[in-house]
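Order of writing sets the labels: A, B, C and D. Residues in every chain begin at 1.
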Amino acid sequence: MAVDMSVTFGTRTLPNPVMTASGCAANGRELHRFFDVSKLGAFVTKTVMMDPRSGRGTPRMAETASGMLNSIGLQGPGIHAFVEQDLPWLKSVGARVLVSIAGNTAGEFADVAKVLVASDAFDCVVGVEVNISCPNVANRGLVFACDPLASGKVIALVREQLPRDVPMFAKLTPDVTDIVSIADAAVKSGATGLTMINTLLGMVIDTDRLRPHLGGITGGLSGPSIRPVAVRALWQVTAAMREGRFQTVPLIGVGGVRTGRDALELIAAGATGIQVGTATFNDPNAPQRVLTELEALADSHGVARITELVGIAHDRMVIP
Amino acid sequence: MSRAEQSGVVQVQGEVIATRRVGAYHHLTIVAPGVAELARPGQFAALSVGGLTTGNLLRRSFSIHKVSPSGTYGGTLDLVIAAKGAGTEWLTSLRAHDAVDVVAPLGRAFPLPTEPVPCVLVGGGYGSAPLFWLADVLRERGCTVEMVLGAASEDRLFGVVEARRSADGVTVTTDDGSAGVKGWVSDVLPEVFTRTGAPVAYACGPMGMLQSVTRVASEHGAVAQVAVEEAMACGVGVCMTCVMPVRDKLGVTKMVRSCVEGPVFRGDRIRWEAFHDGVCGVPEDAVGAPKVGGH
Amino acid sequence: MAVDMSVTFGTRTLPNPVMTASGCAANGRELHRFFDVSKLGAFVTKTVMMDPRSGRGTPRMAETASGMLNSIGLQGPGIHAFVEQDLPWLKSVGARVLVSIAGNTAGEFADVAKVLVASDAFDCVVGVEVNISCPNVANRGLVFACDPLASGKVIALVREQLPRDVPMFAKLTPDVTDIVSIADAAVKSGATGLTMINTLLGMVIDTDRLRPHLGGITGGLSGPSIRPVAVRALWQVTAAMREGRFQTVPLIGVGGVRTGRDALELIAAGATGIQVGTATFNDPNAPQRVLTELEALADSHGVARITELVGIAHDRMVIP
Amino acid sequence: MSRAEQSGVVQVQGEVIATRRVGAYHHLTIVAPGVAELARPGQFAALSVGGLTTGNLLRRSFSIHKVSPSGTYGGTLDLVIAAKGAGTEWLTSLRAHDAVDVVAPLGRAFPLPTEPVPCVLVGGGYGSAPLFWLADVLRERGCTVEMVLGAASEDRLFGVVEARRSADGVTVTTDDGSAGVKGWVSDVLPEVFTRTGAPVAYACGPMGMLQSVTRVASEHGAVAQVAVEEAMACGVGVCMTCVMPVRDKLGVTKMVRSCVEGPVFRGDRIRWEAFHDGVCGVPEDAVGAPKVGGH
């Protein structure tokens, strides 16, 4: 029997939980050569800021054990070009779009959201992912998501710009002592849900040249190597919500998903949605394949709805 | 029309059918149905490495040496690979019948002249791999082809014999003089441009060489089409790791992806001065370049 | 020409920088079957607490992409059995020993140190590694090293117990928002040096049984997958010391070292010593092999002393 | 005396020389010089998996099926491997001449009776692999050997033919009745103990089976020596992942490492009640067990 793969985030129901991860799928056209991006639960766009950005110099990447580092530096066309060229294209192919936005200051996030909301193709947008895992120019370049107050401020300002019914996700970094406190702040400030996790701060040194490998010195670590950290973050936040420490919101899991089995791992930890990032570089069909595999796996577990598996590992602990 | 025909690229589970050493390189022939019909000279293939247990997730990119649409085994793809790090070591240790996942063809091919003109083809090391196929295509169109192959030493030259078949003239250089003229390709290029009067050069090889080919070409009023080699995480245009500063038609510099907008660029559009000892900065006048004090 | 591999930590000079990592080499006898443990710069023992501990139930491990999770739960014989059985054996084979200690409370750390100092074989001890990456019973089980104050307190109390000339290292966790502030607190409280990094908190879910794979639910992530995080942590703390934010002390790098090249990467980031942990499970000769490879690599870089390479990547940055 | 002789274990770069399918399993013969001279029945080998690019770092452990100290290729080691996950898939896909790193022999062997007594050997699935060699050694000492092999189905039985050669009597059981008696080994064991009067049983197989062998043995006044299978990260005693609660001679329970103090334990020393559905708790009376309210 076919499993009902649909999932709901606030007012929006998606046909399935599988999405691309921001920055790992560009804005759609490239992957559409391999599979129909409208078949995914949602397409998550590369984080866009107000102005066009060149990003950093190169090398921008280093391969690591079961993963990679990147220091793209949020290269992008700026929100105006995005809503004029990228969003209409995604709409034209029937994609449901989760738009990832960022700003150098809390105010810039809100400005970006405002332009987005005012755009013609906004009706294909099923949500906004607020990438607070980027440096806060006003606060010594400290990443917003490292601080509950800064995180809450950004979320509240973006919330004001978005229509009530548009889901908003705060994307968190795992590079914090206590991710639950950041999650709490984001939810209290109006996040419909949380996306976890962004990359871990890492670094590779070129041992021939004896200097940092990346032009940007440090970079973000992603790929299967970090999956255990993603599972743990989802687990901790889900546990906190189950304990009633703050309001229960849906989570989107991201970090090291390469197979349907990996996706199920994040779902069992508490994720309602799943994003496929670095694995796409290994296999351009990965998002679609993960969906197929996940569906088969859910079926083999005998569930009627994928949502029955969300957070299930919390109910199945064996205390010997 | 199928998605592959529309998009011009396929992902296939390939099968190695032949692998042989050629000097310092390994020449692999891979059954990869669907690639040959789509590929043109200058495009590349991205191969996954390490098999099921792999800890090396990123694909490795290689210029397509040649393709043949059908044969005993179905369409094949030939690559010339230098063992360098973990991924190329793995690829060059494959044996006949081993499986390898292939995404190809990728990137923009060498643009062909509309008129039958003399062309200069310059290959550095394994960079010559895509040039023989290109030479054949050019000669089919009535172009004459002059080839210059350079490498550090004789074992790092690829295809000297093939060149004599595919080209109207061949010059070989090695840094150590172990074969041909001792020196760099840029030492012999002025004479070649002068002699042939070629209005276009095609080059593939290390960045330093591509820069000098571009310089010598423009000194002789020729346009250089160069195939670059930037580290690529995805090869298909989604990661933004493979960028370099390139001027567009209007002279505006952008950080463009060499995997989809390249690997072939007009040499005179590349901002060579931004490259320095393995790193490349963002020119100050590039679109969205960091402002002083910030981003 | 042979490279001088010796390194100095406070008053102690070791013949080379390569050590085992605590908990990845037991207390010596097992690895001595494969290579002579006295040839290493130092042998780092499994963290020992006051009383014998059974550790956690099983499964205690899960393999992850290029790494593993463990939840041993600090199983050990207790400090008294350690100084009676393990330390004398290590002394008998001529090993230089870095003893890793921990406590449930700050006071327990000091008590363990006291027993150690009073023991007969103490003269083979070249230093004490204070594993503050373990839960603080007095503070809701929060890991000591997540908090500068708690970290500083433990370090100060242990310092009081140790003779002045005995080097003391604080072992830090990467699971914090700002590792520099913890490093700072440890150095200000008297640490001779810092060991970085302990494992990252991670989790694996068994997707057949849909429950946490480990008996202890979460576990510590180690292996090559985390090396970029170790390099980054060493880099940040070294950069802070070079900027004069606190006194410069020697660092011991640990995290994902499998080859001499990996060791050099940590050294170039700022480590004076190197520990080999999880790689030993892959290759029981790993610590010795890493030493051989590191020496050859240092030689190929043309240096006379390995110490010339410590932190060298900080001097070789290319700002394009 | 060399370190290997002193320590009884070597690490060698092995070479697969033969690999063949046997029912649901793969039987590998590996050239591994030095292992045969040191190994005894019940010990195991730990193999690294995935080759140079591997993302699977932990070794996989396998009971030694047999060893031969010399041959055309040098000493060899035989293993019987069930393809289950990434590592065993890789191992069972190896071909002749592939390299594989081996650490062996590891762990404690089956203790042999000092007198020539009847012995019962019980193997579940691939757990029978080490028993034929053990049978030969026991028979050399004048013991009679009665063998019981059980599995879920016929293809999961290993060595029924070999058993008929190595043992004085053989009983086969399968859960589905596809070969031998339909049922579990514990169904037929009481009769075997009664008939042979064996004072000792040797068993290797799933934990549930080892527990029932232990129970039936003690009901018949026999001692069971069982080879357990706990997940092992290192196999050499340094990681503390492979522990289980076992009573020592004085009756004190400790969490002991099954890789160095096992894999063979006296069945009646194991705290079976602590195992439950794939997890094992720490008995409250174990040395250093968490106190109420937690460590």
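Quick note on the criterion: contacts are C-beta pairs under 8 Å (C-beta built on N, C-alpha and C of every residue); 3 or more make two chains touch, one makes a residue touch a chain.
Fair warning: this is a prediction, and the values are worked out from it, not measured in the lab.
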- What's the chain with its C-alpha centre farthest out from chain C? B
- Message: For chain A versus chain C, what separation do you get between their C-alpha means, in angstrom?
- Response: 34
- Distance-wise, how many Å sit between the C-alpha centres of chain A and chain B, to the nearest whole number? 35
- Note on the structure: Cα centroid separation, chain A vs chain D, in Å, comes to 46
- Which residues of chain C are in contact with two or more other chains? 57, 65-67, 209, 215, 223-224, 318, 320
- Item | For chain D, residues contacting two or more additional chains | 55-56, 274, 278-281
- For this assembly, give the contact graph shape among line, ring, star, complete and other. complete
- Query: Across the complex, what residues on chain D touch chain A?
  - Reply: 55, 274, 276-281
- Residue ranges of chain C in contact with chain A within the complex: 57, 64-67, 69, 146, 175-178, 200-205, 207, 209-212, 215, 217-219, 221, 223-229, 231-232, 235, 256, 261, 264-265, 268-269, 297, 301, 309, 312-313, 316-318, 320
- chain B-facing residues of chain A, complex: 23-26, 30-35, 46, 51-61, 63, 65-68, 70, 72-76, 78, 104, 137, 209, 215, 223-224, 278-285
- Query: Given the complex with chain D, which residues does chain B contribute to the contact?
  - Reply: 49-56, 86-87, 89-90
- Note on the structure: Contacts from chain A onto chain D in the complex sit at residues 65-66, 224, 318-320
